[in-house]
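Each structure below is given as structure tokens.
Both of the next two complexes hold subunit A, though its partner changes from subunit B to subunit C.
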Partner chain A sequence: MPQTEAQVAAVLVACHELGVPVVARGAGTGLSGGATPHRFGVILSLARFNRVIRVDPLNCLAVVECGVRNLSISEAAAPFGLYYAPDPSSQIACTIGGNIAENSGGVHCLKYGLTLHNVLKLRGFTASGELIEFGSEALDSPGLDLLSIVVGSEGMLAVITEVTVKLIPKPPVARCLLASFADLEAAGNAVAAVIAAGIIPAGLELMDRRMTAAVESFVHAGYDLNAAAILLCESDGTCDEVEEEIGHMGAVLKSCGATRLSVSQDEAERLRFWSGRKNAFPASGRISPDYMCMDSTIPRKRMAEMLRAIEAMELKYDLRCANVFHAGDGNLHPLILFDANDPDQLRRCELFGAEILEASVHLGGTISGEHGVGLEKLNSMCVQFSPLERQQMIAVKRAFDPKEILNPGKVIPTLHRCAEYGKMTVHRGLLPFAELPRF
Partner chain B sequence: MQTNLSPEFRGTQQGATAEAILRKCVHCGFCLATCPTYQLLGNELDGPRGRIYLIKQVLEGATVTRSTQQHLDRCLTCRSCETTCPSGVDYGHLIDIGRQVIDERVARPTREKFVRWLLKVGLTSSFFGPAIKLGALLRPMLPKTLQNKVPLPSDIESGSWPTRIHARKVLLLAGCVQPSIRPNINAATARVLDAAGIQSLVAGKAGCCGAIRVHLNDRPGGLNDMRRNIDAWWPTIESNAIDAIIMNASGCGVMVKDYGAALAADASYAKKAARVSALTMDLSELLPDLVSALRTRVIASSQQLMAFHSPCTLQHGQRLLGGVERHLQSLGFKVEVTLSENHQCCGSAGTYSVLEPKIAYQLRDRKLAEIGRLKPRCIISANIGCIQHLQSGTSIPVKHWIEILDQAIV
Partner chain C sequence: MSNDAQLHQLVEQIHAARERRAPLNICGGGSKIFYGGMPRGDALHVGSLEGISSYEPTELVVTARAGTKLVELEKILVQKNQYLAFDPPQFSASATVGGMVAAGLAGPARASVGGVRDYVLGVALLNGRGELMRFGGQVIKNVAGYDVSRLAVGSMGVLGVICEVSLKVLPLPAVDATLQWEIGANEALEKMNQWRGQPLPINATSWFQGRLRLRLRGSRAAVQAASDLLRGSSVEANEGTQWWTELRDHRQAFFKVDAPSIARDQSLWRLSVPATAQLMMPSEEVLIEWAGALRWWRTSLSAETVRNYATQAGGHATLFYGGDKSFAKCTPFAPLSEASMRIHRNLKTAFDPDNLFNPGRLCADF
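Right, the complex of A and B next:
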């Protein structure tokens, strides 16, 4: 648990020399196992790097240590009328360092972008303990854009200790529109229709009935529990802009079959509407002992198709699934509910999850939206990327960390893992993946 | 989360309760954000999620060490994690079980054993009152650490106790340390209630609510405190003479409201305990009645800003948030809470400030710094422990809010 950069460097130098794996860790709120300790490694906890170094309202930026909580940045910027836009649901607890590692999104990233689009500069250490900086306080910096490689690299390329983030002015007005739908498919189609109408809402989220029922008992947000699905659509800007956009969105949603519309009347109500969404994952603990949260993306227009496919999978695996999506950017978070004390349920749950990811790729999407690959989606990487693509990823990793001590065994599957994962059915004497070396 | 209790705990009542709580945790880590010890120390083992894992491992048969015990000791039991937890984990009861199980397996150093015994016996004994009076006189000669715990001679003056008889009656728990350290709190409570037409009865044989012994891991002793209080109150309850049991220390309130759960397995007390818990209210829960009865009789100074520190036992333990400030404001008082960290513990936490002074004083100073930003003339709170602890770090007077109300009645 270092407290200074010199201590971080010293840990890395020692581990590099001894070839000991290092797993950097923030608040441990990640959802793909990225910060899971390595059996033979050390955990480099950065929780004590929790100071906001400076807020620069003139240049609209803040310099913070990596262990500062996401929400603390906006709190520190609030006196200047500024805030940090990416807001993962765990923002109360998750650290900015973890956000960098996972390139986290949040309900407002549809309009304001992911972590990558809101970070200007990073300072940290390489695997061998050398100080390194990426980006600059300007919007662009000379040379290759290595900042974009490091953001979202899941702790495999460097250990970041200091982050310079962009702050943006807090919109004067924000209002949230709640729309109820009698079936999931209509809700899915409404999402595509809103975007197709040329509106980019500040947030556009979907929750199904199972999910709203679970969170309502904790937050009392006033969700329509009779609706098969609800959409939360946010508009922000000046008073006139918001009024016009809310009106426009309302009309589109109505034409798509919304059965009930309600608009937040004040800030307290808006926050209450969102609090249900922000607490959705952990609140599932109220309806099921365990859940597996998936994170894939699909093209928006195929939302309804995907929801139908998930419904079919519920029957196939005999497990319930609650859905909560960043619908606007096509990022799905199906929560598969199961009981980990029943080994067969765990097995079925993992198959269910893998099938959702495969279906997402099949529909033209990806296996990860914002939670990263970590340990969880290692196998599914083989569904998404060819062996050649994966080799290139390994080459990038080795360019930064030749000894592979930073978070080894995560994100990029090694060849033997794919071969192990693939079922070895030899059909008509033809070996699958014949090009792969066997052990 | 997944659980696999060892045969020793499987099928036991303790094991079943702990397992049901553990199963609700989805280890999301939201609790780290509002845990005072994690915020100070940055070690996951000193946060709720880490402690939950430690307890789970012990119940699953892992070796228990002194270090496990210390990580659990460091928890303030402020239960801030419970109001943050979206999945509804009943952490307070889980850590009680964890501490009990670990204390049965790990011996404490002799000095620590002695201090804990002294607190347990000393704070609840009849000698505590005279000792405090003597201490107050000798205060200037005492070392700083003891001075912090001993009131000023002016603090132990109380004023008169009302003698009028009213049809509406409540039982008031005098508490164990409160009558000796700040007797005016009980007297002020009785006077304000009297002014609002409510008579306060104090059962002579009632004493410590049990929290001191329960939190020092003497559960049987704590349960005996509870039974003694139930016996002391029962005749009055049975005769339907009262409509509530009032707690003016939120630390006691949270305990008495839990009597029903604590004595659920005791056939001869379970029903009575449940009734007692159902009748128990924090003094602030009477505020709606007090406000309407006293509105014309209170002259509040709207110039003097007061900072209200909401005790953890009030806002997290009893989930009573905002009531005190709102009602006092409606009577014309100028009351504010800190702009940030209002949810954070002041470090008092019962006997914690004696057992873990380093953390307790760090938290106290952090809380006082937040309060200081409001530049208040007076700090008010709702629990004797917090009042005494905060007062030890500031020259701004720290009082119970009922004392302010008492002074303002004409």
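Right, the complex of A and C next:
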């Protein structure tokens, strides 16, 4: 547990010399096993790097150490009417260093972007313990945009100790619209219709009936329990602007068959609407001994199709699944409910999860929207990327870390592993003339 | 010829160049030939790799082949009431999507909406071995593996041939309005800086020759409220659009260093600095954008002096027009730290081990 940059450098220099793996760790809230210790390695806990170094309101930025909690940044910026936009549901616990590593999102990222879009500069150390900076307080930097690849690299390219984030003005007003739908298809279509109408909501979330029932008994958010699905649709901005947009959104949702619409009348009600969504994970923990949270992204228009596929999988694996979506981004979080004490349920749950990821890739999406690959989705990487592409990623890793001591064994599976997983031939191998490149 | 066949031809050219160890100069529309180091090597044309491969307005995503002209792409987007929010410059009508990504330059809206890399969701790339690979994807959120597609943005083509790009698009704003003030450069910087921290629909700012201009974009209600609050004089719609387009595409005389009226020893520098940096140059030599974070400086001062100013302010300076860009005299881009340079060299080897692509356009080393 180093406390100074010099200590971080010293740990890295020593480990690099001895070839000992180093796994950086923030708050350990990661959902893909990214910070899981290595059998022969060192855990570099950055929890003590917890100072907000400065808030510069005129430059609209904050400089913080990597172990600072996501929410603390917005708290420090609040007196200036500013905030840090990405707001993962785990924001009271997760660190900005972990957010950088996972390129974390939140319910507002459709309008305000992911971590990448809100970071200006990173300071940290290479695998060999050399100090390095990516980005700057200016809006671009010379050379390749290394910052953009370090963000989302799951602690495998560098250890980050200090982060400069962009702050944005807090919108004066936010209101949330709660809409019920009698079937999932209609809810899915409503999401596409809102976007097609030229609206970029500040948040656009979907929950299915099993999920609303679970959270309702937990937090009493006032959700419509008869609805097959509900949508939460938020607008923020000036008072007039929000008024105009809420009217527009309401009209679109109604024309898409919304059976019930309510608009938050004050901040307390808005927070109540959101409390259900934000407590989706703990609520699932109450209706089932265990749950596994998946995190894939699909094109929005395939949402209804995906939900039907998940329903079929419930029967196939004889397990229940509750669904919450960052619908605006097409990012799904199916929560598969199971009991880990029953080894067969655990086995079926893992197969269920892998099938969801595979289906997502086939629908034109990706195996991870915001939680990362870590250890958990290594096999699924074989489905999404060709051997050449994975080889190229390994080469990128080696360009930053030639001895491969930073968080080894995560994110990019070896050829051998994919061969065992049996996906070698499915990706491009089934195409005729597989050796020809094609669009 | 079909796109698959064209792609195949590119691969063959790469293999041939590899055998002869002869460098390749990747050519799109040639609209930014002046940018970065001088092009060298045999031409590798990607301009014919064109067309939209998919466009789903409700997904806010368009996928276009690298040779697609920016003007064409814009036309298609406008039909669905959408656009590229980052305002990429079109220094000529020949500018292509691939060149836009490789150069990584964004226009006047950069400070408020983000740059090219913030909108690139995926690319298909041919590496130095002639292998076609796809990174990123066609969805907005994606953290599977390293996102190599973002690394291609601003790479000046040194990592590989960009063949296809998926971009995030946005709905056109309902209203667009320009306001202006007659004030000095320092006062303008102060105003621009202060506005940034307020919830206003400011999309672009510029200061040039005693005039501060500001573009508002957003809903009718928001733009109206901001106009009332800011109280600048309002600029007629056509005139406003013309100003921002000419600024984006560098059509003003200020950007023409080869114009006869201008001293022969002047160069045009692009200084990217923190928005709150001091003015640092005589106000008659500068054009300011991006709320103060971008400063175009026409000067005959030496590269060293200009770069010192930029570095002290916490930014960097690029030699944009004019001057001698042969590396012996002055590198167009600011030098990198040793640690960063080492990663650069390793990445170059990882993608293009035989140093085929665009030698010297990004760094003197490769």
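Convention: the second predicted complex is superposed on the first by the 422 of 439 C-alpha atoms of A that agree within 3 Å, B and C clash if a C-alpha of one lies under 4 Å from a C-alpha of the other, contacts with A are read in each partner's own complex, and residues count from 1 in each chain.
In the analysis below, a contact is a pair of C-beta atoms (placed from the backbone, for glycine too) under 8 Å apart; a residue touches a chain by one contact, two chains touch by 3 or more.
Just so it is clear, the structure is predicted and the values come from calculations on it, not from any experiment.
Trainee: Once the shared chain is lined up, is A:Pro289 touching subunit B (first), subunit C (second), both, or neither of them?
Mentor: Only subunit B is touched by A:Pro289; subunit C is not.
Trainee: Please work out whether A:Thr161 is in contact with subunit B alone, subunit C alone, both, or neither, and reply first, second, both or neither.
Mentor: Neither partner.
Trainee: Of subunit B and subunit C, which one contacts the greater number of residues in subunit A?
Mentor: C
Trainee: Could you say whether A:Phe281 touches subunit B, subunit C, both of them, or neither, answering first, second, both or neither?
Mentor: Touch status of A:Phe281: first partner only.
Trainee: After lining up the shared chain so the two structures overlap, which partner does A:Asn379 touch, if you call subunit B first and subunit C second: first, second, both or neither?
Mentor: In the superposed model, A:Asn379 contacts neither subunit B nor subunit C.
Trainee: Go through the superposed model and pick first if A:Cys109 touches only subunit B, second if only subunit C, both, or neither.
Mentor: second
Trainee: In the complex formed with subunit C, which residues of subunit A make contact?
Mentor: Against subunit C, subunit A makes touches at 56-60, 80-82, 102-103, 105, 109-110, 113-114, 116-117, 126, 130-134, 136-146, 148-149, 152-153, 157, 169-172, 192-193, 195-196, 198-200, 237-238, 240-241, 243-245, 297-301, 326, 329-331, 364-373, 377, 380-381, 384-386, 388-390, 392-393, 395-400, 402, 411-412, 436-439.
Trainee: In the complex of these two chains, what residues of subunit C are touching subunit A?
Mentor: Contacts found on subunit C: 3-4, 7-8, 11, 53, 56-61, 65, 81, 104, 110-111, 114-115, 117-118, 124, 126-127, 131-135, 137-148, 150-151, 153-155, 159, 163-164, 170-172, 174, 193-194, 196-200, 218-222, 224-225, 272-276, 290, 293-294, 314-316, 318, 333-337, 339-340, 343-344, 346-347, 349-351, 362-363.
Trainee: Under the definition above, what is the set of subunit A residues touching subunit B in their complex?
Mentor: Residue list for subunit A touching subunit B: 1, 27-29, 45, 47-48, 50, 67, 69, 71, 75, 90, 92-94, 215, 218, 279, 281-286, 289-291, 340-341.
Trainee: Touching residues of subunit B toward subunit A in the complex: what are they?
Mentor: Of all residues in subunit B, those touching subunit A are 1-4, 23-26, 28-34, 38, 42-44, 49, 84-89, 340.
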